[in-house]
Amino acid sequence: MPDLALTRALEAILFAAEAPLTLSELTRFVGERGDLLPALRALSASYEPRGINLVERGGRWQFQTAPDLGHYLRTARETVKKLSRAAVETLAVIAYHEPVTRPEIEQIRGVAVSGGTIDVLMEAGWVRPAGRRETPGRPLQYATTPEFLAHFNLANRRDLPGLADLKAAGLLDHEPPRELPLPLGGREE
Amino acid sequence: MPDLALTRALEAILFAAEAPLTLSELTRFVGERGDLLPALRALSASYEPRGINLVERGGRWQFQTAPDLGHYLRTARETVKKLSRAAVETLAVIAYHEPVTRPEIEQIRGVAVSGGTIDVLMEAGWVRPAGRRETPGRPLQYATTPEFLAHFNLANRRDLPGLADLKAAGLLDHEPPRELPLPLGGREE
Amino acid sequence: MSEPEDFSQSVRTAPAASQLILQLGAWEGPLDLLLTLARAQRVDLAQISILALVDQYLDFIREAKALSLELAADYLVMAAWLAYLKSLLLLPKDPEAEPDPAELALKLQFQLQRLEAMRDAGQRLLARPQLGWDMFRRPKPEGLATERRAVYDCSYYDLLTAYGAITARRTKSVHVVRRRAVMALDEAIERLEYLLGRSLDWTELSRFLPGDLTDESYARSVLASSFVAALELTRQGKATLSQGAAFAPILLKPRHDG
């Protein structure tokens, strides 16, 4: 392990932090000490076998309990809200295609997406508006958040299950130039 | 270390707990597994060199940051503030007339000096209380600090330009006007 | 298998249109229905026969209509579009055809594959360890403190200008009117009356002024005050004034009869 004093400081800071911290936030607390990444990686490795893990999620570092120990901790906790099928599908479309506009989501799902579906995902903190597409109409784009990655235990978007295969199969390409004139249903959920 | 699975469970439970836990509370979470104390002691020992420690306080176990690292958990964010005109003037009076009492500052400025003004100058580190004047009422005197000299790049107070210098530099803007003083009361800024 | 099969299972084993009709309303629009039908073919979506799929969809719509089930407009629009696609696919291949029916079929296939992939991805996401269920963070972290420390900005120039301003203001506020050398009117009257009493005939006013006036401003003050004193004494009937012409010497004579 590199500098023990630095490692201990990082440990204490991450433990006491109210939210996951980026490298630059960590630097503000430990002071200029060169590259923190090797120290964080070593620390993370040292926690790997433990019941507490140090993980990087979307560029932010945090401690959390090991994923296999959830059953010890669930008792007193409310269960995760059940997402509708439409919401899960919309979340997947946004995660795998981001940044993506609502018409694109509808095109992929073949259904008009109700405003409520994206709202639910934004309320959960997993989806955010991500600027406007510079095309006629300047439609709003959506993307996932670091909290989305943290929630599903993903280090970054490359960790999305099956992402590489889907890409290789061309299924994440923005479709061939002309879209099918498929009618969109008004029904969802 | 005894049972790794037990140790990991204890680790996760103590990490995610809202409050320090007693042995019997821990037992409720992990189930009957015999005496937890050896496992807790071993776990505590394994955290000893780390930035996070596992400690027992009055029969309750909890994780906390190592006591020597408190200073890492604070950071200072500097914001630049402009001194008010009243503060600059007060500072100037103190610098030219130190040690000087508040009534004297008021007399020289011709305006009542609010306590907050001197507080700001003390917060900035430029002014300090400098004992009491041995006159009736024993008023507190103020003087400048070494930081004041450092901030304005002065070797000592004698480096402050005299009135003649100020006039020559055009800083003492105009001579007292010839006409009679206006019959006004206190002139505030 | 004694357990009741779920719907997707039953579609796979018995893709009869009648069973599908019972499930009307379970689909999120025509594309969803198409995907369900495609899956019922139990072949890789990449290998699927679009023509067979189109037939299945059209059969489904026809049967639903036969049973007088309410069909959403978009299902019918899709049926019309698929019927059109089918006719294009069945016609002899025309290289000039626009749009190319084979390309349209490929796009439909792509859309079905993509929808299935996303549906699958959603399930795989849900299968992952989740925060608040599998992993937990500290519920009440102490938090990190950010102390806001103010750094005050004041230049040396600001400091000196301020002192300059105070000094200027101060000199102003303690300004004292310099005592100028003047002869007050009372004094002038008293003096003139005394001197006039000792003269007998017309005498120039200037002759009554003190002779040793070196201070010019005092001299002017004496002249002015003495002139006003002469006017005052005349008004009181103690003197008579005379002047031959403009700017001629002013003459003064006592009057004793008043």
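Residue numbering begins at 1 within each chain, and the chains themselves are lettered A, B and C in the order written.
Definition applied: a contact is a pair of C-beta atoms (placed from the backbone, for glycine too) under 8 Å apart; a residue touches a chain by one contact, two chains touch by 3 or more.
Just so you know, these numbers come straight off a predicted model, no measurement behind them.
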item	value
Category of the chain touch graph - line, ring, star, complete, other	complete
Farthest-lying chain, centroid of Cα atoms versus that of chain A	B
Length of the line joining the C-alpha centres of chain A and chain C, rounded to whole Å	32
Chain A and chain B: spacing of chain centres that average the CA atoms, whole Å	39
Multi-chain contact residues (two or more partners), chain C	136-138, 142, 144
Residues of chain A touching at least two other chains	13, 15-16, 29, 63, 65-66, 69, 73
Chain B-facing residues of chain C, complex	136-140, 142, 144-154, 156, 158-173, 175, 177
In the complex with chain C, residue positions of chain B that touch it	12, 15-18, 65, 73-83, 85, 87-89, 91-93, 95-96, 108-110, 120, 123-124, 126, 151-153, 161, 163, 166, 169, 171-177, 180-181, 187
Residue ranges of chain A touching chain B (in the complex, touch as defined)	4, 7-13, 15-16, 28-30, 49-52, 63, 65-66, 69, 72-73, 75
Chain A-facing residues of chain C, complex	28-32, 72, 74-75, 77-78, 81, 99, 103-104, 107-108, 110-111, 113-115, 117-126, 128-138, 141-144
